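As written, the chain order gives the labels A, B, C and D, with residue 1 at the start of each chain.
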Amino acid sequence: MSSTFGTLFRVTTFGESHCRGVGVVVDGCPPRMELTEDDIQPQLDRRRPGQSRLTTERDEKDRVTILSGTEHGRTLGTPIALLVANRDQKPSDYRHLDFIPRPSHADYTYQMKYGIRAASGGGRSSARETIGRVAAGAVAEKLLRLSCGVEIVAWVSSVGPVEAPAPDMAAVTRREVDRSPVRCPHEASAEEMAAVITAARDDQDSVGGVVTCVCRGVPVGLGEPVFDKLEARLAQAMLSIPATKGFEIGSGFAGTRLRGSVHNDAFVEKGDRLGTRTNNSGGVLGGISSGEDVYFRVAFKPPATIGRPQETVDFQGRAVVLEAKGRHDPCVVPRAVPIVESMAALVLADLVLRQRSLKGEV
Amino acid sequence: MSSTFGTLFRVTTFGESHCRGVGVVVDGCPPRMELTEDDIQPQLDRRRPGQSRLTTERDEKDRVTILSGTEHGRTLGTPIALLVANRDQKPSDYRHLDFIPRPSHADYTYQMKYGIRAASGGGRSSARETIGRVAAGAVAEKLLRLSCGVEIVAWVSSVGPVEAPAPDMAAVTRREVDRSPVRCPHEASAEEMAAVITAARDDQDSVGGVVTCVCRGVPVGLGEPVFDKLEARLAQAMLSIPATKGFEIGSGFAGTRLRGSVHNDAFVEKGDRLGTRTNNSGGVLGGISSGEDVYFRVAFKPPATIGRPQETVDFQGRAVVLEAKGRHDPCVVPRAVPIVESMAALVLADLVLRQRSLKGEV
Amino acid sequence: MSSTFGTLFRVTTFGESHCRGVGVVVDGCPPRMELTEDDIQPQLDRRRPGQSRLTTERDEKDRVTILSGTEHGRTLGTPIALLVANRDQKPSDYRHLDFIPRPSHADYTYQMKYGIRAASGGGRSSARETIGRVAAGAVAEKLLRLSCGVEIVAWVSSVGPVEAPAPDMAAVTRREVDRSPVRCPHEASAEEMAAVITAARDDQDSVGGVVTCVCRGVPVGLGEPVFDKLEARLAQAMLSIPATKGFEIGSGFAGTRLRGSVHNDAFVEKGDRLGTRTNNSGGVLGGISSGEDVYFRVAFKPPATIGRPQETVDFQGRAVVLEAKGRHDPCVVPRAVPIVESMAALVLADLVLRQRSLKGEV
Amino acid sequence: MSSTFGTLFRVTTFGESHCRGVGVVVDGCPPRMELTEDDIQPQLDRRRPGQSRLTTERDEKDRVTILSGTEHGRTLGTPIALLVANRDQKPSDYRHLDFIPRPSHADYTYQMKYGIRAASGGGRSSARETIGRVAAGAVAEKLLRLSCGVEIVAWVSSVGPVEAPAPDMAAVTRREVDRSPVRCPHEASAEEMAAVITAARDDQDSVGGVVTCVCRGVPVGLGEPVFDKLEARLAQAMLSIPATKGFEIGSGFAGTRLRGSVHNDAFVEKGDRLGTRTNNSGGVLGGISSGEDVYFRVAFKPPATIGRPQETVDFQGRAVVLEAKGRHDPCVVPRAVPIVESMAALVLADLVLRQRSLKGEV
């Protein structure tokens, strides 16, 4: 297990689906920042299942409590521990899956790696694990907003075969994103996506999608070549989210088809700094933020847990037909939006603090 | 700067393009492994420019020397320092670029981040930086081969618009890959790719491409959820390579279009272990290797340095037309093949050592 | 703040004296180990104030709860979060100290470093911070006991001017140590020490002391030269405990007066391994455990908070006379005994896991 | 092996006594600092053996070369690799010790830990390993001097039974320290110490000693509670130096005998800041520098390698009489002075960079 992320803004998450609670310790947050539960709860509410008929119907309230690290509503510079109690702390209807590793799920590998696994609900590979990330991400976002004016907005850009046209990345807001339950700011596409998700659910099936994210106002200079380049840390952060299979920044895979003369982003004057005419680079040059918008896409596979019967084998290799009961999402991308934003915030907050260490007289 | 990678198998690279040398310190390699320069040189030779008319014409011999960490051809368990001298240790014809940041290159961001940058050759953002990675990767590969029989093979799967059909991932070898200078094992595609690269060069332009990599024989259980999942570390490793813009594992972005019932990899018995019928997961489940082949794709943009005139501005914002002189690659993917293999090896070697710590009686 | 310790067995503590709670996340504990609150509570009880008239009279119950990481009483290999609620969660009679930095206390430096500090009770520099260490240490101790049979016993070896004769280090037990409230296994010395502490308290003063610790059954080979030598990590661990001013291992400072011919520990056969006739080395050679007992001493200064009037200045530099009210220990060493044991366990558990990574075929 | 030290100012050392060279990679040094070999060589010369008849007679020139990280005499912000070639790269007269582990030396534990060890000269446990530390320390010292005016001076405060009176810590200089070959600034004591060392050498024996170090001008606020407190990192750094057995800061072990009313350092106004009347704390409060001088003492045992016959056993447990031939120091403390200074500089430089990350608007 490696549950700690970051060098200076450093988070450590804990908790699995059916223990007493899930949470995070945020160490390294600068002191004197105003912070209460109200800064954190909104993103947790966006991550929560049960927000619409498109997502799982469980209603987990997921109230966060600040256990330490603040006094009179301000950070002390000490570790901020955040806890969300699990309401459902007992093994439930996952019980029958104990001896059948669910296809494309972590049951098999957890069992082989640890020789034990949580008897219920997926344990640490459950989506509940992301609560700690989102809670910590809200702290990071506030730090970024106050210290450099960074804004992070993610949205669903595709569901199954439905791809939405790109919004105006310089302007798209969370409010626009949240207008549809599917979290796609393009209305017509959102409706199509909803139909695709509903159809999958009606078929006791699931479907994948892509989340796109833009970080605006990122100051030039963030990223630590060579191994902690900005895009490298973002890639790690995104591929650490459950169900992700891909990451691309700027022109991504499509850019590989272009020639340099087309792909290169020419410099232009933008006020008192240099900017670029195009932004195929996605806001990074040589692993360091350029001052242009940082944008990237994250691929989420269709959820592995489906109601349809699946032919597979149990741990002993005996052929079985598996029909998952219980609660599960037909599509994770709407709920993944705040998770992607949170992980981006954790990466940026850490790199802001690291960049500060270069400042000062030598 | 963050030039160290890995927790237990830990490498620290150093050097820029025109200093005395480039290299790496490998700390944490287990003792008693046979190791000489002959284990390392072949991958460096594959990385070296000047191997064919498709890559840059510089002939850098890049001979590696083991400075420490071995005696009588065996590792001591102590840090292994590896050095490749730079033959060209003086500023050269990059000089005129000093005041013009090359579009889509790191000149601008290095200058803004550090307030200084190497006067020649790209400094630390130069491709020469990868020598240390490849040298260390060769050590990691040997460790993986001897300790678990892991085999890593990468190849060029696309150049510009030319996509090669997938080889048999269970069987493709480096010998087959190296048959063509473009490092694509599919002969007809390799010829097309070579033509695309030649055309780009003739136009003083450049072109991008994709490298695919397979890791065979990876034991089940590698990867440290939640932040050091196998795919998360691979993603970080790949996006830390110069000129990369994307990473996908298994079904990747294409998999997002599928339904779960199609995408899920059913378990089957394979000898004395479970395996899966399909491998859309790319050999990872929940961030942990499943025993199936680990495979992934890495997107490389077209190189930024091109001979064609480019309209841009200098550091003061004055409009200029830039025509890069000097030596530069029209396409990096053929040379990127051993770099991708090396980074994969560094990730896997570290995770093998970390997994060992769970073993033993409790 | 740097609240994380360890590379593979990695603990992150949180909490200050008057927030909701204090605790720790233990990441990297191997799976399948039996673990319940009953394994942890006893050391917390030994750390707790109010155990005897020699320590502070507060009665903090300090009940630990396992929030995550176990199921049916066994570890899952996932992060183990441990929480102890604070019963006294409000600012109290420390209030008047807000503008007077207590001499030899952390008030001044926390205020200068963070620009803010907990309004009550010392915040993160309070002794309550050590609860997380002790809770995590109990987990580490259990791992060490089960995996290699390591036993760790610490005791008070001096209080003020009273030095106890050394016990038989090969045999001394916690039961013997706990026979006296002062935690010195030598009965006559314990009585003298108690008298010294009582006298200090009657004078509204405080007194320092030394804790000695032995780790028996440490397997040969633990310690990671050059910067994580066993003694280096122990030294860091001990000097991170509040109120410590010194550390020595084996012959320590006294050994500097000797000649090598006297100081050297000659090897002898001990069963099927080599041992040493004497043990001036304190169980370490070149930073690596030798198989002999590891023993060391830790110096604790007299507590800074005393009732006697002290002439000092406030934050504005105005002369004041400070008389601390409230609850405070006249001597910390009796309660420091389990803290020293816990930190030793954290160091050893981490090094055991790191050493395992060297094992296996290469 | 763990050869990396520091979080932001991060050094990685390599090399053993008879390989091609020893050195260090310094990653994280801020850019634009003037730096040439001339900044580094003087401390290496002070560390070098053969400076006087009191130390070993080998004459190792130990010339340092900057391999990377600077251009035109200024740092680039990239890794600074420093190399000192070994002139004696072949197995020599240590050969006969192969099968006899030297008492109180690392031969035995290295062999047991790694299953192999350098056939000659002590390998990585040799004093040559400290060359990398001293080279890196010189870079750190320059950074500290330029950025905050920190001055670090260490000296020999005792040799065997001879203890020198304390110099004026606010004023003592390296020039005064270097006036005597024994590096004790108190002339009469230096002569006595020299006599003690000479006598030990004439007896083919060795003798221990203590090095004291003061760091002046340390800004208030350095140190990262709770595990990276300033004294904790200093303790780790010092106990990682070969042959050390103890560390104490401020009043240290002697302070444990005092009462709080005597030991506490009352605050007083000092110009525009608070200072303390006394400095029993040694410049740290709660793990954070207070602005007062940081001072500490380090215990060095008598060197293990002596010419006198020693009764011991070989690796097979057979009784033997060992008579070390070859070159060895009768006392390491004179040469340890720059090593202690260097390690102190590495600790402080890292903490300065970490403290900077707290600065800036939130």
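Here is the rule we use: contacts are C-beta pairs under 8 Å (C-beta built on N, C-alpha and C of every residue); 3 or more make two chains touch, one makes a residue touch a chain.
Keep in mind it's a predicted model, so treat the numbers as computed, not measured.
Q: So, comparing C-alpha centroids, which chain is the farthest one from subunit A?
A: So the farthest one, by centre of C-alpha atoms, is D.
Q: When contacts are scored as defined above, which chain pair ends up with more C-beta pairs, B-C or A-C?
A: A-C is joined by more C-beta pairs in contact.
Q: Distance between subunit C and subunit D based on Cα centroids, please, to the nearest Å.
A: Spacing between the chain centres: roughly 26 Å.
Q: Can you compute the centre-to-centre distance for subunit B and subunit C, using the mean CA position of each chain? Integer Å is fine.
A: Those two chain centres are 45 Å apart.
Q: Taking each chain's centre as the mean position of its Cα atoms, how many Å separate subunit A from subunit C?
A: Those two chain centres are 38 Å apart.
Q: Note the residues in subunit C that touch 2 or more other chains, in rising order.
A: Touching at least two other chains: 1-4, 7, 13, 28, 31-32, 77, 113-114, 124, 354, 358.
Q: Considering the complex alone, what residue numbers of subunit B touch subunit C?
A: My answer: residues 7-8, 28, 30-33, 77, 143, 146-147, 353-354, 356-362.
Q: Once bound in the complex, which stretches of subunit C touch subunit D?
A: Per the touch definition, subunit C meets subunit D at residues 1-5, 7, 13, 101, 103-106, 108-110, 112-114, 124-125, 129, 158, 160-161, 200, 203, 205-210, 220-221, 223-229, 231-240, 242, 244-253, 255-261, 263-269, 274, 276, 280-282, 284-291, 297, 299-306, 308, 310-313, 315, 317, 354-355, 358.
Q: For subunit C, which residues are in contact with subunit A within the complex?
A: 1-4, 10, 12-16, 18-23, 25, 27-28, 31-32, 65-72, 74-81, 83, 113-119, 123-124
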